[in-house]
Amino acid sequence: MSQNFEHSGTSWKGQRLKHDESMVDRLDPRVRIIVVSIFALAVVLSHDFYVLLLGLVSAVATAVIAQLNFKRTLRRVIAMDMFMIFLILMLPFTTPGEALFSIAGLPASKEGLLHALMIALKANAVVFALLALIGTMSAATLGHAMAHLRVPDKLVHLLLFTVRYLDVIGQEYKRMRRAMQARAFVMTVSKHTWRSVGYLIGMLLVHSLERSERIMDAMKCRGYKGQFYLMDDMVLQRQDYLFMMLSVPFFLLLIGLNFI
Amino acid sequence: MTVLIETRGLSYRYPRRGEVLNEIDFKLEAGDRVALTGSNGAGKTTLLHLLVGLKKAKAGEIHAFGAQRREEKEFVEVRARAGFLFQDPDDQLFCPTVLEDVAFGPLNLGKARDEAMQLAHQALVSVGLEGFEERVTHQLSGGEKRMVTLASVLAMEPEVLLLDEPSNALDTKARWRLINILQELPQAMIIISHDDDFLDHLANRWVRLEDAKLFEDRRMIVPELRAVTV
Amino acid sequence: MTVLIETRGLSYRYPRRGEVLNEIDFKLEAGDRVALTGSNGAGKTTLLHLLVGLKKAKAGEIHAFGAQRREEKEFVEVRARAGFLFQDPDDQLFCPTVLEDVAFGPLNLGKARDEAMQLAHQALVSVGLEGFEERVTHQLSGGEKRMVTLASVLAMEPEVLLLDEPSNALDTKARWRLINILQELPQAMIIISHDDDFLDHLANRWVRLEDAKLFEDRRMIVPELRAVTV
Amino acid sequence: MHIVDGALSVPVLATGAVLGLIGVAIGLKKMDYDHLPQVGVLSAAFFIASYIHLPLGFSSVHLILNGLIGLALGWAAFPALLVALLLQAVFFGFGGFLVLGVNVVNIALPGLLVYYLCRHGIATSSPKGAAIWGAIGGAGSILLTTIMVAGSLALSGEAFILAAKATLVAHIPVMVVEGFVTAAAVLLIRKVKPEFLNISEDWEDA
């Protein structure tokens, strides 16, 4: 599992390049962000199983419509931090209440089980919706959409810079890592390994810092005066209005179900 | 001949390093296409940085576009009129999309948005990258990145071009396209390169940095490893 | 003759790129000093990476030091016995001081700290860098960096040397010192270089990568830019 | 240590969001436009570095490096980590959306504390002393983060208390590793580019 993570972190392009165009891609990024936010709020704040089930089903359906790569998505959804999984698994045994069954003498309570189930449903519903509606945009588009939604300029540009240089620095990391491997370096549990990795990270930061100096020079050469510009206009289209018109009753239903 | 850029007794040293440039006298005139050569670490990049004020000289004078330039404020104008192409395109392409990157310069020069877009578009066409406007910069190939950086320099309509190893990391086809484009440009240029054949197609004057000094000649290493001055 | 490294039908392709290596058969024998040539992007670096398992071949076999090598674990031993000098010294130097960097390899081979330091010191002496132990790697000149990386490879006492453009970024003096050092070394080597004169002083066998195939001959680009096969 | 959506109670979520907003706002304010490339590139470097997996017994740990991030960025660690966590949540499904605030505070605040506690320590003249301060920063930030994560959970429900305690114990080895790695990185940076560790102080003045 860890290999997969290392891979996804260092080859950033992953999702976008192999992504198949779908209906979702034609929707305005701002609408997608707003819809996901409302959806996440509605799901996370609810304590009703019908709402959560409906939420998960609709999120998965959106993922299907968005043509998410099934294997990759599933791997990511399952691969929540180990310690979260551990937490959820422990819940039935740490919550007092009506005992349902017991493992190794530890009684598992019904309340705990329901609580665990609820967390799992909420977490997965949100993740599917995120991956389907936002994960399918390019990071640059996400940044632009955030700017149009009045997220502070500096934060947006910080995001854009980070995304821009993930790849460049990822490549640099890979080359240094390979050079270490070529000198017969194998990671073990030892001070030597930790020291070497610390040096590797330190050197990566030094190289990055020097690169940022060169970038600043390049910006000055093009007359940079402390201002950035975003070029694109985002205009709502027919399909966006349609999507919003569909979303509103759906959210009303999600929220309304809580009170029935 | 109009002198565009001139240095007198320009010197520079890095901390913890010896002298990199020692009393350099240099003139760039209209129509000059100067090949700036010298071994690795000779100080070629440093010299160009000094010319546009990215580094401050330890001694000497820089005159550019009719005035002496000393302070940061004075160099801002120099940078607007001298287009600098960096050694590594990744350092220079910092905007998310190609169009934004190319329009960044004109916008900084105070152009209106429409005009900047127009200039950016023209610059892209002139380097043969029409239709690349919406491409994401970090997903371009090495050759495409180089051409985009050239476009973003040209979009500022500079009077002088300072090119730092422009043919690096280009395959044969891209390299030829670059040669053709550069040959057509009217601007005076300083071209740093280790690729003599590339320079042969472009330069009409050769200078060489060696031991922190600038020489007005061309040294060619012939295959027999004897050094001859042409 | 002992065959040290052998490949059979080795193929490799990058995603979104054509075939880079296509069914390469190659043998490295004791005493061989192979010059590996080919234009930029021909796949020379890729081939060396495959030999030590830094990339995984798409098809074909690699035999090294008497056994077939398929998995990461098997390649760890190959890497311990084949010293790899990278194209860019900056990728290879990641420790703060020269001594630590050179001692990194021996430490990976399981040597005790004292012994590793001893080996590192010897390696530094052998490339003429005595007294550089406490220097900061990042602040060395290009030529010095190159020599330090060579020392760090030699400190592992490899049986084979894989050198990726070792004469890059060296000035004339450093280049000659490198030639002299390499001439004295007893190991079999594969040397990638675009510098034919450098190879002339070292190689006793020439191979050439072209269109993803390996040819056992020497193509020399003579100054007039005509290509002749010798 | 990314908490997922759905585990925390509303008051905890809201507190996290407010604290996160304050931290990010101060961070953005302290970072002027000229430092954007620097923070952005470093943030990318940390993103890459935090994917490094180190073997530890039968399993492996991935580094978090929030101590080092704090030392390098100071207050700017808040926006930098917000960006990193947002990207992870949105593109890799790591962590969650509404918990972003809590996650940012849990990871960035310890980094910031380390910045104030250790930045003088790592600039002392003796390399050994600097390494020790670096180790304290690396291990300490993980300790604090673990406590805060456990706290967020415990405040969200009685049932989590045992799990929260387990989290603390389980992260002891991670602290050791992070301490070591951070110390080594600090040693290297001190030697190779001492200016680096003073950058954040310049911002203070600016």
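Going in written order, the chains are labelled A, B, C and D, and every chain counts its residues from 1.
Simple rule for what comes next: a residue touches a chain if its C-beta (ideal position, glycine included) is under 8 Å from a C-beta of that chain, and two chains touch if they have at least 3 such contacts.
Remember, predicted model here, so these are calculated numbers, not experimental data.
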Between subunit B and subunit C, two copies of one chain sequence, what rotation angle (nearest 5 degrees) aligns their Cα atoms?
175
What pair of chains is linked by the largest number of C-beta pairs in contact?
A-D
Give, as an integer number of Å, the spacing between the C-alpha centres of subunit D and subunit A.
18
Using the average of all C-alpha atoms in each chain as its centre, how far is it in Å between subunit C and subunit D?
39
Measuring centre to centre with CA averages, how many angstrom lie between subunit B and subunit C?
33
Please output the residue numbers of subunit C that touch at least 2 other chains, ranges allowed.
95-96, 138-139
Going by the contact rule already set, what residues in subunit D reach two or more other chains?
37, 187-188, 192-193
For subunit A, residue numbers touching 2 or more other chains are 139, 160-161, 163-164, 166, 168, 196, 199-200, 202-203, 206, 211, 215, 219, 227
Give the list of subunit D residues in touch with subunit A in this complex.
1-7, 10, 13, 24, 28, 31-34, 36-45, 47-57, 59-60, 62-63, 65, 68, 72, 79-80, 82-84, 86-87, 89-94, 96-98, 153, 157-163, 166-167, 170, 177, 180-189, 192-193, 196
Any idea which subunit B residues touch subunit C in the complex?
16-17, 39-41, 169, 171-172, 197, 222-223, 225
Subunit C to subunit A touching residues, read off their complex
49, 52, 54, 76, 79-80, 84, 86, 88, 90-96, 100, 104-105, 107-109, 138, 152-153, 156
Quick one: in the complex, what on subunit A touches subunit D?
2-3, 5-6, 8-10, 15, 36-37, 40-41, 43-45, 73, 76-77, 79-84, 86-88, 90-91, 94-96, 112, 115, 118-123, 126-127, 130-131, 134-135, 139, 142, 152, 154-155, 157-166, 168-170, 173, 187-189, 191, 193-206, 208-213, 215-216, 219, 226-228
Contact set on subunit C toward subunit D in their complex:
95-97, 136-139
